[in-house]
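Going by the order they are written in, the chains are A, B, C and D; count residues from 1 in each one.
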Amino acid sequence: MERGADGAGARLRTAAEYRASLRDGRRVYYRGQAVKDVTTHPVLAHAVDHAALDYEMAHDERYRALAVGPGGHSRYFHVPQDAEGLLARSALIEASTRAGKTLVLLIKEIGTDALLALLAMRAQLGEPYAARIDAYYEHCRENDLAMCVAQTDVKGDRSLGPSQQPNDTAYLRIVERRPDGIVVRGAKTHTSVSINANELMVLPTRAMTEADADYAVAFAVPVDTPGLRLVASPYLATDGKREPEHPLSAGRKMVETTTLFEDVFVPSERVFMDGRHELAGALARGFVEFHRFTAISYKLPLVDALVGAGLLAARVNGLERAGHVRDKLSWLIAYAETLRAMTHHAAGRCRVIDGVAVPDTLLVNIAKLQFAQGLHTAFQHVQDISGGLLATYPAIEDLEHPEYGAALSRYMEAAPGFSGGERMRVLSMISDLTTGDYGGYQAVLAIHAEGSIEAEKLTILAQYDRDGAMRYASWLAGLDDAPWPPS
Amino acid sequence: MERGADGAGARLRTAAEYRASLRDGRRVYYRGQAVKDVTTHPVLAHAVDHAALDYEMAHDERYRALAVGPGGHSRYFHVPQDAEGLLARSALIEASTRAGKTLVLLIKEIGTDALLALLAMRAQLGEPYAARIDAYYEHCRENDLAMCVAQTDVKGDRSLGPSQQPNDTAYLRIVERRPDGIVVRGAKTHTSVSINANELMVLPTRAMTEADADYAVAFAVPVDTPGLRLVASPYLATDGKREPEHPLSAGRKMVETTTLFEDVFVPSERVFMDGRHELAGALARGFVEFHRFTAISYKLPLVDALVGAGLLAARVNGLERAGHVRDKLSWLIAYAETLRAMTHHAAGRCRVIDGVAVPDTLLVNIAKLQFAQGLHTAFQHVQDISGGLLATYPAIEDLEHPEYGAALSRYMEAAPGFSGGERMRVLSMISDLTTGDYGGYQAVLAIHAEGSIEAEKLTILAQYDRDGAMRYASWLAGLDDAPWPPS
Amino acid sequence: MERGADGAGARLRTAAEYRASLRDGRRVYYRGQAVKDVTTHPVLAHAVDHAALDYEMAHDERYRALAVGPGGHSRYFHVPQDAEGLLARSALIEASTRAGKTLVLLIKEIGTDALLALLAMRAQLGEPYAARIDAYYEHCRENDLAMCVAQTDVKGDRSLGPSQQPNDTAYLRIVERRPDGIVVRGAKTHTSVSINANELMVLPTRAMTEADADYAVAFAVPVDTPGLRLVASPYLATDGKREPEHPLSAGRKMVETTTLFEDVFVPSERVFMDGRHELAGALARGFVEFHRFTAISYKLPLVDALVGAGLLAARVNGLERAGHVRDKLSWLIAYAETLRAMTHHAAGRCRVIDGVAVPDTLLVNIAKLQFAQGLHTAFQHVQDISGGLLATYPAIEDLEHPEYGAALSRYMEAAPGFSGGERMRVLSMISDLTTGDYGGYQAVLAIHAEGSIEAEKLTILAQYDRDGAMRYASWLAGLDDAPWPPS
Amino acid sequence: MERGADGAGARLRTAAEYRASLRDGRRVYYRGQAVKDVTTHPVLAHAVDHAALDYEMAHDERYRALAVGPGGHSRYFHVPQDAEGLLARSALIEASTRAGKTLVLLIKEIGTDALLALLAMRAQLGEPYAARIDAYYEHCRENDLAMCVAQTDVKGDRSLGPSQQPNDTAYLRIVERRPDGIVVRGAKTHTSVSINANELMVLPTRAMTEADADYAVAFAVPVDTPGLRLVASPYLATDGKREPEHPLSAGRKMVETTTLFEDVFVPSERVFMDGRHELAGALARGFVEFHRFTAISYKLPLVDALVGAGLLAARVNGLERAGHVRDKLSWLIAYAETLRAMTHHAAGRCRVIDGVAVPDTLLVNIAKLQFAQGLHTAFQHVQDISGGLLATYPAIEDLEHPEYGAALSRYMEAAPGFSGGERMRVLSMISDLTTGDYGGYQAVLAIHAEGSIEAEKLTILAQYDRDGAMRYASWLAGLDDAPWPPS
């Protein structure tokens, strides 16, 4: 533990402290087995190691300026008040994901997305909630906590609202209100990094009606709270993966859980919304909008990796001059740099709400949509340039075989300047990036994480100045006979 | 004529002065006929009227702040020195094209693109060229002149360079060097607004070799210079068009000429490059890059009109709630707002060369490319929402017919709130915008003007930091064993 | 008039007879003016001339085998009974549109589409309708008549059915039932070739409910029937077009009318459906399905022209070896040949209903959809290969100018083997095909004619064997534990 | 072993006989380890089991008619002589891949593709090669052998031909010619099913020049031939996969090897081409064209599975009525059924060469191209409809957990009619199909197997009647003044 640059006592935990903090009473399950210690579990420990990068970066000279905010805390806890604050936040998310080999760390990103959304809603929520939010925010910041957010309900029948469901299981709800707190029951799905976070924050997932009041609930609890059960998804397992063959996914991982709330008691001071159905949608959207800005920031290393992969594959394969390869490369560059420009421009066009800078919602959603709709095509182009060896490469053990390894390596050579082994390293990385469960994970995340493609389209339609556009079209059509167009 | 706000004597011509200035000895041909006076020609006058908007705006209270630059001259002549200067220039281009009903005016835009490119190359060109450029720039600015640029050569056999062509006609060249100037011969194609400009600037169209020295020429002459012949294209004629049916193209027009140089003498003080083959490519590209920034600025009203058209068509047709319509509308919005964001961000990321702010080349080209590749799809979506009446609508004369007009109008009603006549006005505007020669003009311009789609792809590939991307991919592949990724 | 090959007295009218037959009491309006004689009207005569090709082909040795059916009548009247019959019908439609320079003739195609749909529904409609249909079919066939079909109602508020509309004008309806016939009132839109047809057939446009019985009406009347008023659209006018500059659209045209029924009396023997609301949808769809097969057949010359245009532009521009050009050409070929293969395969997989071979509905709709969704991209690729001259070309009059025409022509040369004038002819044709109102007409037709893109998607979803596909997916998922997959 | 239906003594091996035949002296390596017995190796045995389906089907009543050809041999050995023969071959490939859960079996398909190509080239190759080909074909057929084909050379520097490479390793070549045969050295890549085939056939990979004569070689050897070493790719391993979670890829697999020829002796009677460089390209293409027809046939179950997956996901998620879901489903159906129609139509339009029916090359390549270009988008749409659970699902062990399994299952319910467990089975299958290494395998195969996307484009351009298309365009442009268009 160390103090902040300003001597104000800010706490920056070490990776070791972070790991130690995860050894508590949390109930994590992996393939039906209770996990005693996530930091040593053969699969889940990779998720802990990956997330620990966050704490390592804060203590590394190279990243300190970026990772530590003005007050000496982790920069994630810095509340952005202008474009500059948002750009610094975005840069940190980008840098840590870049260090994480295109996989976001997320143990601060998502939690502070929720905190910022709550902070921006203090005025609407009023007391005592506003004060609780402030206190909780300070608690997380001062203790440099790792946080996760459980938002998506399991939803049951999609055509029905929370209180209309045939059974009570589809949306998390308050089943008891006590003087000192509430008791909640239900399940949330897609909860990322919960197995290796300290705090779990819960937010509503959608707009609600008066009948849904018991579902309009937001709160936070430590992950080891009684009644909480985290069922880890087996997807993206690291079993049997070797580093050189799977350089991205062999030693790193993110875990999603189905998170069960088996009558969890939440003390009053951690309840941030209770029954305010009319605000449920605003809070849900508020979080999502911050989270989409986080998303387009953490996608940047992925798109950079795809461009780099395409360029490097073209080089090791000796295809840099081929017309169709150049065409695909220019597509990849435009794809990546449009995302970067839109992300930065969305920060530049922020507006300030209750002291919190909010990135331009329209641009964030357009950027996220275009990323999401293009990723499969980006994979296609990179695979096209890379060649069939992505799925037929010999193993490292073959390339190093005493008998035939040297000959095999020589056969794998293509462009001058790269050994067969180097070429195979490049192609194995691209195989890992685009053709296996890691690539699949990124593909599914692109479409569904932080809101689906369709949700982004709806937001774009809602946020755009439609009246302004129609006024101009009306003037062009001669329905408005002003000499100059409407501004 | 009036004085600038700063009293420094800046000249802002009136539309009448502009028109008068076009009545000189210029040799313009339309369909094989010599045109005596372009300001009164039944077709070409529409181009003059359209361009005259530039002068009208400078004198209109509504636009003065935008149209008049810091020194009291037309803002086009203001040399941008930072992002703010570029954004103001972009805003003026956007506003004037918006007032021009999606058709750019161009009589100052393109000329100052060339002037800015020349100014940014003064150091490389050296004296006496630098001083000539300064003097010519001041001449245009102080006299508030309308300018055109002839760059694209007719090119002959595309596989051969200028000096390799089987005959001498493919690229404009110097045929004689005299003590007081040069004589040039050849032809340029696609010369926009030449028939209604005061000055014609000539730039090389491509990189050249030593053997091409006689083709490495840049200069300016008044449009009425002897030996210059302007052959106007008959495309986008206004014959037979009525305002309500063709609200965009009935009364406005831009004209391109094939511009013949029949041994034109250019006095030395107007020669800006003579034989510097090694700089020909740089000047060609320098102009094109400014011009592409102009392009993405002047495309904004077009994309806004398409979004507005889609929204308005959905409304008058009563289709606003249809899922597929909303999907297409969100596509149109994302298309338009990506262009706007990229344009503004390219200005924001400018670099300053020789005192001139140059927008980010990579972003300008990506923006231009994505606009160009999407326009046909945008047309498709707008036509889809609008319906078959775009090509089967009754005439205004029918809707007003004493006998059956009222019934016909009523039959044309769809959504409540719009009369049949109003709906027809909207659909006629969209028909004009997307299905006739005006829409075709915009489509061809999207692909070919300011450089083709393929030229933009090449620039994107050249401008991108490819080594940086490959370093990251190499690190991911484990070819670089540094603990942290390359920055 | 001549006799059929079998001597059975089949009538094949001449073009002159056809023209003469149009000089009757029909009430046609063009731009608010009553048209006395469509065959001599400066604009509309081009539509007559174009349609007359149908009669010319039947008398031309080159086309007789194709154009004349087994019984000696126009082949259009031959009821296809198998794949071969459908392929011959398709081949005739393709050949006549090819001769019509990519513009369908339609005066037999659409009418026989309606006749075939009616014939296939005889069993369902029962007597006396079945006999009336037979009689009418023979009348048209024996007199070799030109026919049009008015199907699309003006529709009013799209969210309401015929009988729910706030006023009575949105759907054509029966306003009186008399012993000897019915009286109908209303309007139909998008009625193609009505001004130059002999017979007008009316079909319902959608499925209907019991309340809509008065709207469930199908009948036929001669075009000169009292109470019928044809208001021609001014779109795709031929004014001011010259043949070499607009080789496709200068002398040919198709006309759509808004067709007003001002209490038109229809004698009983020409009423084919009266109040059978439960069959309205089936008849509407039945016609549309034949008509979509006609559509994909008549689109073939258009897509062939686009491929040929792309290839020829590449050649005259000297770009045949450019990588991006070859990429676009391969796209165009795949686009065209997929349409052709799907069209022929849909005929091959026909099923026979009531003695009438019906092309495979699923395949017809997929073919139509893919054509419709690709046309704008096809235009884009052809324009890309052709270059900016599509919109900036000099006029023919300039190329032939005694003073500068020769020089101008030489400047327009590019690839060896083509004169400047020849190159301009090619580019003018492509300009006409893709960038003016003719190209726009084809674009709008692609999306909206014979049913919209969205209608085609719905049909595809409805026609596909969804249960079969889900059974296979269930088996793959292990929900069905059979050892072998469901067939 | 059994006799054919015609009693002619055709041999149809059993799966047990097939497995036994693989236990020979073959030298297979997996991750650097020599594999003693491929039929019992923990990973590779899955490939054997998968391929054995071929032999099981031939003995199963359900498939016998399809799997056994006219002569009582496996139908793969039947030489198609017309469309019907090709359609039956296609149907068998489709059915066996369907039974193989979307993974092709390939042990007969690819080998007979090579045999058919060789048979079709007998006339060109002349004697003694023609007789050898006949004899070898009969040998394979009579013994019902499993075959693989090694075609793709490792290629080295892509810009150089075989004999121009800086070292001798890039293309397989003849290093010695003996009276009784040849000795070959080199390596082939991407050799599918070699570890579980009986025979290995070798074909040249490209057109060659005179200098490449030693590389112009085609032959066949048993897989256990001395000097042959098969290095299996570790991609698509089955380690740790459980059936319900990976219902497609847990128990089935295809293996590609890098195939090393360490001075392999080939007896003369198995040499089919030796030095005929001028025929190398024709043989390479001939094989590829048959193989692409095989490919589009075996892709059908994959595209059917994707449509079924989309439909089933929509159903279990309760999204069948959502507009965007229906839009994506119609896309999937059109994608799948276009492939099917094109495949069947290519068979229908075959031409017969030397007694062998060859499917239409243009259509085969268009079909393959459109499949290849669309697969990533198909994955995207299916993933979009399926939801984020594809990558966050709980494990089967969790759903069956005694403590929380029942609750978890209930939480996983969505649409009525499907239990949570059933829904998870569906989503797990889709996850396996599209998001993991199996999906990645299919993606890479789509682009690269049987020739790349770019190779298909080149073939399309080469096969199309370009002159015919240009003649029509020339006529449209008025360059040909014939009254009727060229046919």
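Quick note on the criterion: a residue touches a chain if its C-beta (ideal position, glycine included) is under 8 Å from a C-beta of that chain, and two chains touch if they have at least 3 such contacts.
Nothing here was measured: the structure is a model prediction, and the numbers come from that model.
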- [ ] State the pair with the higher C-beta contact count; candidates are A-C and A-B.
- [x] A-B
Task: Distance between chain centroids, defined by C-alpha means - subunit A, subunit B (Å) - done: 42
- [ ] Quick one: report the Å distance separating subunit A from subunit C, using the average Cα coordinate of each chain.
- [x] 52
Open item on the list: I need the residues of subunit D touching at least two other chains; which ones are they?
Closed with: 324, 327
TODO: Using the contact definition from the top, classify how the chains connect: line, ring, star, complete or other.
DONE: complete
TODO: Mind listing the subunit C positions that touch subunit A in their complex?
DONE: 322-324, 327
Open item on the list: Quick check on the complex: what are the subunit B residues that touch subunit A?
Closed with: 60, 62-63, 98-99, 101-102, 243-244, 247-248, 301, 304-305, 307-309, 311-312, 315, 326-327, 329-330, 333-334, 337-338, 341-342, 344-346, 348, 362-363, 366, 369-370, 422, 425-426, 428-429, 433, 457-458, 460-461, 464, 466, 469-474, 476-479, 484-485
Open item on the list: Which stretch or stretches of subunit B touch subunit C in the complex?
Closed with: 29-33, 152, 154-159, 166-167, 169, 186-187, 189-190, 229, 231, 233-237, 239-240, 245, 256, 258, 260, 262, 317-319, 321, 324, 373, 375-377, 379-380, 383-384, 387-395, 397-398, 400-401, 404, 407-408, 410-416, 431, 434-437, 439-441, 443-445, 447-449, 452-454
